[in-house]
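Shared chain: subunit A. Partners: subunit B in the first complex, subunit C in the second.
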Partner chain A sequence: MHRRLLLMAASSIAVALSSGALAQGTIKVGFPMILSGPGALFGEPALKGAQMYVEEINAKGGVLGRKIQLIPRDTKGNADEAVRVARDLILRDDVQFIVGTLTSAEGPAVSTIARENKVVFIAPIPKTDQLTAPANLHPYVFRSASNTTIEGRTAAEIVAKWPVTRIATIAPDYAYGQDVTKAFVEHLKKIKPGVEIVDQQWPKLGEADYTPFINAQLGKKPEAVYSSLWGGHFVTFAKQAKPLGYFQALNNNFIGVGEAGSIESTRSMGADYPVGIWANTYDIFDWPDGPPAHKDYIARLKKFTKEETPSSWPVTGYIGMQFLVEAIAKAGSVESDKVSAALKGLAIDSPIGKLTMRAKDQQANHGQFWGRTRMDPKYPFAVLENVTRIDPAPFMD
Partner chain B sequence: MPEPAFLFGQFLGGLTAGMFLFTIAAGLSLIFGVLRVLNFAHGSFYMFGAYLGWQVMSWVGPGTEYFWLAALAAAACVALLGIAIEHCLLRHLYRREELYQLLFTYALVLILADCAKIIWGTGQLSVSRPPSLSGAVQIFGTTVPHYNLFIMLLGPAIALGLWLLMHRSRVGRLVRAAVMDREMLGALGANVGSLYTIMFGIGAFLAGLGGALVTPVKSIVPGMDVEVIVEVFIVVVIGGLGSLWGTFLGALVFGQVLAFGILIMPRFSIFAVFALMAIILIVRPWGLLGKPLR
Partner chain C sequence: MSRRIPWVLVVALVAMWVPWLGSRFYTFLATDIAILALFALSLNLLLGYTGLVSFGHAAYFGIGAYTSAILMKTHGVPFALSFPAAGVVAALFALVFGFFCVRLTKIYFAMLTLAFAQIVWAICFKWNDVTGGEQGLPNVPYPELGWMAAIPGLGQMRAGDHFYLLVLALVAVAVAALRRIVASPYGRMLTVIRENPERAEFIGINVRLYQLSAFTAAGFFAGLAGALFGIFNRGVFPDFAYWTKSAEVLIMTILGGMGHFWGPAVGAMVLTLLNQQITSYTEYWPLILGTILIVLLFGFRGGIVGALAGLGRRLRRR
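Moving on, here comes the complex of A and B:
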């Protein structure tokens, strides 16, 4: 009897020791991301960026002398599935941190799991303001992405300079589209009180036929349009709007947020892209005024993804991981509370410049690239010209 | 009151959407009318038509008149795929309960979606309009793209073609006989099996054609299969499953309700379509022009 007890005790100690040793070995980071379905267009490259950062940091010996292990999981673009895989990552895979999620439905859903389990969660892509709004903020949620306030207000700053007063909007009817449109309209009315919102269209997310919305909008005779249709939705919209003379009627006074200017969209549309409109993107592979660090990053990315003209989304995953790893280094620990404290106010030198995770709302001052699109003889697709990275700090709350 | 030109534009927009849906729904309705199989994988055939159309275009030269060739080639490939599936797999299930057939076609949806992902990846693809139809005309002050005009004419052409096939050809007579009494037709010496295969192939061809022709106005992405099957089901439920003219009417109604719904209730346009479907299911479960199942 005693012997048996002794054996059991010994074996359980051995198990405890070995799992402890394992945990000491690597730092596990869960990466829930859309890896299938339409959202994978952005989810896949975001994961690539995170993987590249991890490979680079591990080649330098990791952080605190420990290697990082990235565990990607497919959320299928569904908030319920994102919650399930996040729980699974924490309970079964024993991850100490979570970096990931893509949509504005997934981010807030995973945030509640992070709070329950006291696991630091960095959202590299979801933009809804609700994620870090005071009512939802907790010590373990951080956002390295831009947010709807930053994006909407930046667009308002640009549109305010146009000689137009009759403005219309078109947005997918869900959290992101609603929030980013509200931020735009409110800020524009504040900085240019003479404007009039003459029309607002709300197609459902994933609408297949935008023609009736396009006609209805043109019927109101706007001088400029603010759109937040993203990814494949923007492509479908633009392909239907262009032959209807939509962009012509607007004199190209059209600004597409939601990364309508990303290379993923321009590349897939080629000559069909509505050249001349304004759009934004998270990254550009050709940034003449950019810092050397950006050129270096693009060169490494080209090698890593084997793409001649690399995607714009890897930078989101890269920056998310960079915030986490630098916070771990600063905290000198992988304990959630210490890393959370280290993240507040942390400034990093990201590939696109200095970014700060504000202590007040745990939101990075992550602005985007904005410019007018044009065809470049060097490429078979549209690129942004006179591109500027707008620092959002002056008009963040 | 909105301007007449604008209302006309809205009407034409709805008509284009309806005729696109008809091209796809006609195949689904045909297959159900003859084989009594509700083919969930019809949307997958549509998706394959789109991907294959893109694939052939990228081989023969994007942005050229080869678009037409590519569309036909894609539709033919999808027809062959349909024929293979019917001949090798589906025909073993005709004597089983309908539930098994449903489960089988649903399994096909999952399998074909994964196949498409393996072959073409998850990125979005896009095809340009053929140069001959890349322009637009002004009709009553409304800009109408040539390509949309073509689609508006294609729908009735397909409807007419299918009607002639079913009512003016020998194959059509045999098919109608098979619908009435399969065993008797077999006893009279007709090869009912190959008749079914041909009809399934034609249905798949129409789905593939719809998919290939939709590429100039939509992005090609994973998930387009499920998206379209929902809309096509609504069309056939409204019009009457198995009825050619019912499907045509259903597609017209769907397009117009969507187009004018957004004028009245901008945020609930899709709701209007679902509401219409619900009302029809309650009042006339067999659809506007369908017949009650025996």
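Moving on, here comes the complex of A and C:
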């Protein structure tokens, strides 16, 4: 009995030692992300993208001659769990960097922990402007994601070119919906003073019955609508709006932000998708006019995930990791302060084009893909056509 | 026997040495457990002692967290005032919500507590100007603990260690108070109500009044736990008042054993440690954690403490 216990203890110590020896020399990066529950639909592919980048960079010998070790951890979509996990990664796994978090609550929560521990933290998905607002900015927080200002203003740039003046909005009634709608309305009024906001609908987040909102909006006879119903909320909304003739009445002058044009949304609706509307997405697997680097990236992604039509989210994790690793290379060091300094103003050639981490607010000029949706006989779901990637740099604050 | 030994003091004195283990990780873990233990113990005042199943106990945890965070961050109120204020505000809400809840019994009572908790969550989630909405209030300041450095032996410690010692002292006082409450004649009356409310009514006890007072007291202690957790977590978020938090504390209480005073505290410790260990080893943690919980709940009738106490009794009889 005693001997068996002793043996077990000895072997566990041996395992601990050997894994320690293996880890020596590697650069550890914590990756807190939603990996369970509904949010995992986006978190899992984002992790895949990061893993693919790490695999590729390690195959080339790593950075500064050291391999990258990615340590993913489930935040369960809770801000307090994200804090717990971030502390755990820093204190127990000794990670030198953190790339991750998904929701607009998790991002700022982990940012506080990063500041206290002087660990560089790159947020690849959270969009809240608060994360990098002057009051909350510190040397260790960076965002490779888009934000609500970029998203709302880009949509305004697109809508301003439409021959319409009577505009309406519909948005889930909480921070993201309000912020991204405000950014759109203010920018549109600035660049096209003639427009009139004729109606604003605010269904609650997770609303099951959009019919009253749809009818009220149609009653105001808008010429175009800006929507920030994201993910599954857009799917529910569109399924109810289409039979009511909503998109026809608007002549398809409808622009859906919050990744309404992502493959996740179009695939889940199939032929029910309101084809003809405008929408955005983080990535697009079929981009005929795209640069060769993007085509190459998609080919590698298909192989890595073994999916013929890969998700639009891996690129978020990929770009977050790319910013970090290129900053480490530029700094020639893994020290937080040097990497932080290297990240400010760093430009990378990402799969979707050149991106710059602005020194001023430590925010990347990461615009999304925008386009009109259409059915493609090659696929059983809608895709974007005339895809544009608008560089948000000229109209960012 | 157990009445002679001041268990609260013993546990606090033992736990006090955690920062000297040298790892900030253990200090954080111990802080987490201490706060959640108080939260679970406050629920047990309702669940174990009064026989009221609340599905919305996180509401008062959340109210306490937001009250203290808003006072400290937005208005610069010192911790010495914001901490009791968190308890009082949570208790006031518990009084108002409880007034309606105790009018119902069993599952209807449980559903109404859940409904009130979801209202609290919705307010936290939407009232952007005050609660920060979905994004919560990050960057809640640590209380001013510079005076602790003046105490011999605590000089070189980090802010997290100082905060842990503060949490430990405050939780110990709160737990001692809870213990006094349940051991008092008032606490016995709650047990009578749990055992047979009709009979209690019959011998002239104002059952609703007692239930309401227990509900308010439980809200008060949950509010205190929330205030500490908000600071520990360095930010408060709507999740604190969400139903999953209520479910979590319910699991802690049942897992540890609601029939024993220390049961919920043990449950808080076991669940926190399990969560910490399993999630760091596998991304399939829900499967493993669920399986372990099922085994524990079936294998340890009466919770972990209940089963251990039963085992101890059987051994002593031999």
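Things to note:
By definition in this document, the second predicted complex is superposed on the first by the 373 of 397 C-alpha atoms of A that agree within 3 Å, B and C clash if a C-alpha of one lies under 4 Å from a C-alpha of the other, contacts with A are read in each partner's own complex, and residues count from 1 in each chain.
Simple rule for what comes next: a contact is a pair of C-beta atoms (placed from the backbone, for glycine too) under 8 Å apart; a residue touches a chain by one contact, two chains touch by 3 or more.
Values in this document were obtained by computation on a predicted structure and should not be read as measured data.
By the touch criterion defined above, A:136 reaches subunit C but does not reach subunit B. Judged by the touch definition given at the top, the superposed model places A:349 against neither subunit B nor subunit C.
Within the superposed three-chain model, A:186 lies out of touch with both subunit B and subunit C [touch as defined at top]. Legend: residue contacts after superposition of the two complexes on their common chain; A:36 is shown touching both subunit B and subunit C. In the superposition on chain A, A:296 makes contact with neither subunit B nor subunit C.
In the superposition on chain A, A:176 makes contact with subunit C only, while subunit B stays out of contact range. Applying the stated contact rule after C-alpha superposition, one finds that A:87 touches subunit C and leaves subunit B untouched.
Contacts of A:196 after superposition: neither subunit B nor subunit C is touched.
By the touch criterion defined above, A:111 reaches subunit C but does not reach subunit B.
In the superposition on chain A, the residues of subunit A contacting both subunit B and subunit C are 35-36, 173. On subunit C, the positions that touch subunit A within their shared complex are 23-25, 28, 32, 125-126, 128, 132-136, 138-139, 229, 233-235, 237-240, 244, 276, 279-280, 283, 285-286. By the touch rule above, subunit A contacts subunit B in their complex via residues 35-38, 40-41, 44, 173, 200-202, 204, 206, 208-209, 211-216, 218-219, 231-232, 235-236, 239-240, 243-245, 264-265, 268-272. The residues of subunit A lying in touch with subunit C in their complex are 35-36, 72-74, 78-80, 83-85, 87-88, 91-93, 103-105, 108-109, 111-113, 116, 128, 130, 136, 173-176, 178, 205. Those residues of subunit B whose C-beta lies close enough to touch subunit A in the complex are 2-3, 6, 9-10, 13-14, 16-17, 20, 62-63, 117, 122-126, 128-129, 134, 136, 143, 145, 147-148, 216-219, 221-223, 227-228, 231, 258-260, 262-263, 266-267, 269-270.
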